[in-house]
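The next part holds the structures, each set out as structure tokens.
In what follows, chain A forms one complex with chain B and a second complex with chain C.
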Partner chain A sequence: MKIENLGERLTVSEISELTAVNSGQFRERVGAALPSASGVVEIDLSQTQFVDSSGLGALFALYRSTGNGKNVTLRLLNPAPEIQQLFELTQMHQLFEIVQR
Partner chain B sequence: MKTLLICPARRPAVPLLAEDRPLAALPILGEALVAHWVEHVAGLGAKEVRIVAPDRADAIRAIVGDGGRWGVRIEIIAAAAESSATEAASRYRSTDEPGWLPHPHDFIVMNHLPGATGSNLFESYAGWFSGVRNWMPRAITPARVRMNEIRPGVWVSRRARVHPSAQLNAPCWVGDQAYVGRGAVVGPGAVIEDRAVVEQGATVIQSVVTPDTYVGKLTAVANSLAMGQTLINWKSGSSLRVPDPFLMTSLARKPKATARRARQAVGAALGAFLPLNLLRTWNYRLSGRTSSLKPPI
Partner chain C sequence: MGAISLQPDRPATFRLAFAPDFAAARSAAAAVRGFLAEQGVLDNDLFACELCVAEACNNAIEYAQGEYRESSPFVDAICTPAAIELRVTDHTAGFELPARSEVPKPPSERGRGVFIIRSMMDDVNYLRGTNENVLVMRKTRVPHLAAAGSAASTRPNIDDVKKELADCRRTVSGMARELCFRSETLSAIFRCCAELGRSGDRDGFEDRLFGDLLHLTAADWYVLRFTNADGQLVVAATSEPDLKGPPVPLLKAGEPPAGIEAAVAANRTSARFEARHTAAGTAEPLRAAGPEAHGLVYPLIFADQLVGTVAVGRRKGGWFGELQDEVVRTFAEFLAIQTVNFRHRAEEVRNRVFARELEIARDIQRSLLPLTLPQLSGFGLAGGWQAAREVGGDFYDAISLSDHSLLLVVADVMGKGVPAALFATIIRGLLRGLSTRGEGPAQLLSRLNRLLYAELSSVSMFITAQIAFVDLRRRRVTAASAGHCPLLYIPSSGDEVVALPARGIPLGVLPDTVYRHQTAEFGHPGTLLLHTDGLTDVRNPAGEMYGQQRLIDWLSANCFGRTPASELRDRLSAEMNRFRGSAPMGDDQAFLMLTEEGLPENRSAPSWWNPARFARRPLPIPVNA
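What follows is the complex of A and B.
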């Protein structure tokens, strides 16, 4: 997992999976790097093969820690169709901006 | 009168539909596709129905039996590949054989529902969904006493359990022994098949939930076919194996064959273990010496 902090833009990429195995680490590392004031957080899911409920929980925790997305714009980039389906099934797509680039 | 029904073989456009059962055995509003067809041809006066099954003939036989339920006699013919109606006519009917239903009811490929020749169920997942949704107003027959149209376009089985706060938006169908929980939204365009469970706060719109499928609390199934753990978006064709059973899963009991195989595996393991243990006991007693190992039970 790679985290780049570009001022007001935080980009998280190279996430092969977001599951019980690494969701704790994701929460800690992304939580620590969150912009203190307003900004944009982009989670690049283009390389993500698998997300389970722990991964969804980590994303939801991120949403909560940014004041329910009020302070920070949260974007999920390029999720695979099946992961997009999982977001729709769990209604996570209503919390995040999902962008295909 | 005679007729011949041809079951569709697996179709590349809809591989997931045929994963657990042959396409002709897929449930549509409480009945398998093949059962809808047998009922239809029986209504046309057929007394002898031959069914050509290129895929898992036993599953078809388990559904239709000997045909007594419809007052017809059924013969299942297992075939290696699917035939077209023309091929079947030349293969299964001798030229001078009388007593067949008139064309086109004599040889029928079951890739659509009766009377819906324009809509091919197996050309895409969207075709399947559209066929099932459009069949709702036609699925009630005099024999189906359990289904009840509680208001226009809303069909609910008398044995379904629907929480008073659940919203049922027409057109929708809630099958036998299905459950719709508190605050759930079903429809428009939703089919909840027999024994399916739609939990509290869940939403099912423009979708089919197949029999024995559990849809968890607050989940949203839209433009999809929910089949056990498999979720297929019929618009995009993408599919997902849902990773967590509390979101979506199958409630169906494992087939007996699987249980039998499991028992056989346990039996084989015990069989391998017990002689070894008996041998150890025998050695222990014969040698009469103290072993550092505890004596076997």
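What follows is the complex of A and C.
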């Protein structure tokens, strides 16, 4: 997992999976790098092949810690179709901006 | 859906025990996927099976109790051509599997596992034992495919159907997102529209509209420019001061455009903007948005009329998506319509107010001039009036005091329009009221000044006036002036027209002005001319002023001919027009002409009077007859 902080934009990429195995680590590392005020957080899921409910829980925790997305724009980039469907099934897509680039 | 009976003849089975930790559980789920893939299970089902096994395995580890914490849970997978059965055996206290499961509300970090399993599997059972429980999950694969045989070719291929379904889901999901986006755009526009209707505040309206636009398109800057009358694009609103550049000229033939906004305005088509690809050294106001800025510039066009441009962009993050492009265009079009409507409405209101004011002022002014002048024995009285522009503050009045005496007034209210006309009305009314008190012209002026000073000085206006009390029987005139030009008459002591010098400062200048009057006896023929400076100040096309001497000369040339006052008035008006020629009328003109009509038979014109003396000027042609 790679975290890049570009001023007001935080980019998290190179996430091969987001599961019970690494969701705790994801939460800690991204949480520590979150912008204090306004900004954009982009989670690049281009390389992510698998997400389970713990991974969804970690994303939800991120949503919570950014004031329910009010302070910070949360964007999920390029999820694979089945992961996109999982977001929709669990209604996570209502909390995040999901962008295909 | 009921339980699915597996095909007992060709089941492929798989069992794996795994260490009680999340990493091992994850590997087990991946291994199940590998096994199912070998059985030809489709990608979508593979993901669902892997996920459900992962969820079940995680539960098995998370809720393991006591001595069983170290016991290995295990997973079984049984695959037939028709169905997949997955079993995860745990050593937990077990739980009540709810009959239905929903996404946690309100949303929370936990509670999605059972919901995912319930949603992705066709049948789920939880078999509870003593310190060992089994979660059984079943999913239909391709029902009856093996037995279909030759009929398979006539049926739609299930893989194709599934792919199509997946495509449809994606399309519907995309459409839902787009719909959501458009609905947000529309509600932003409606909200702004409603606010505009309530407040009429266009500046605030633009701020709010563009605030919404930035939010919707994840943009962080905008510049709104409007065209002005000088052929420039002027910044009307922007997200930040750095982008408030100077006006840029609209494109002229043969000249390079002063930036992309000018080019968009000239071409009337939108353009993309990228700061790092703008040529260094050229004028490009949008470069202030930052070196990495990307954006869109749209022309604001309404009914073929270029109203301005709008530039919207991001400092980082590259170009907008297609949908965001469209939102910018929608906002630009909407703003163009609103801007034109707003300008049109404001202009219409201004014109309507102006026209109404003019109408009121004209009505007042019409009512100012007396409909009839007093009838006098042996004398005639006529008034002339001509406004320079729409409405002025000049007026005259004649008030009969007895059968042989009257009060003549000519006044000039400084200024134009309704205020001047209103003051003229007031002074006329006051004079009519005061004239019955038997006071002389100087006292009347002093009293008028005291009454009007506060109002006049509060609006920085003043009035010049000439009041003359005329006793026809005694052939005497008593006049007082408040900064007004002197009246002209023929004194009893001479035969030439002279000015009666009366001095005083205009009404409304000092609070306690004392006016003094001059009295003179007028000779034969009895002739008085009270006038405003519009007569003496009139200029010809060469810029030459008519002046008092010319007026005296004209009166001298015209007053000895038994001419009725009304005709003299017409001649004087014609003389004014003749002198002015094609030059514009600079000031209002008002005058009162009193003449003795019909000289006694035993009197004749003075010996010096010779009309030929004035014949070098053509005789005026009456224009107001």
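Methods note: the second predicted complex is superposed on the first by the 101 of 101 C-alpha atoms of A that agree within 3 Å, B and C clash if a C-alpha of one lies under 4 Å from a C-alpha of the other, contacts with A are read in each partner's own complex, and residues count from 1 in each chain.
Here is the rule we go by: a residue touches a chain if its C-beta (ideal position, glycine included) is under 8 Å from a C-beta of that chain, and two chains touch if they have at least 3 such contacts.
Source: prediction; values computed, not measured.
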Worksheet item: Given the superposition on chain A, are chain B and chain C in a clash or a fit?
Response: clash
Worksheet item: Can A:Thr90 be said to touch chain B (first), chain C (second), both, or neither?
Response: both
Practice prompt. Could you let me know whether more residues of chain A are touched by chain B or by chain C?
Written response: C
Fill in: Partner chain in contact with A:Ser13 - chain B first, chain C second, else both or neither
neither
Practice prompt. Check the residue A:Asn71 against both partner chains and state whether it touches chain B (first), chain C (second), both, or neither.
Written response: neither
Worksheet item: Touching A:Glu82 in the superposition: chain B (first), chain C (second), both, neither?
Response: both
Item to complete: Figure out whether A:Val21 sits in contact with chain B (first) or chain C (second), or with both, or with neither.
Response: second
Item to complete: Have a look at 182-190, 236-244 or 272-280 and say which bit of chain B overlaps chain C after the superposition.
Response: 236-244
Response to the item:
Dual-contact residues of chain A (chain B, chain C) 50, 52-53, 81-82, 84-86, 88-91
Worksheet, complete the sentence: chain C residues touching chain A in their complex are 22-23, 25-26, 43-44, 47, 50-51, 54-55, 58, 62, 103, 107-110, 112-113, 115-116, 119, 166, 169-170, 173, 177, 218, 316-317, 321
Worksheet item: Quick one: in the complex, what on chain A touches chain B?
Response: 50-53, 81-86, 88-91
Worksheet item: In the complex formed with chain C, which residues of chain A make contact?
Response: 6-7, 9, 17, 19-21, 40, 50, 52-54, 56-58, 60-61, 64, 73, 75, 81-82, 84-86, 88-91, 93, 95, 97-99, 101
Worksheet item: Tell me, which parts of chain B touch chain A in their complex?
Response: 218-222, 224, 231, 233, 236, 238-244, 246-248
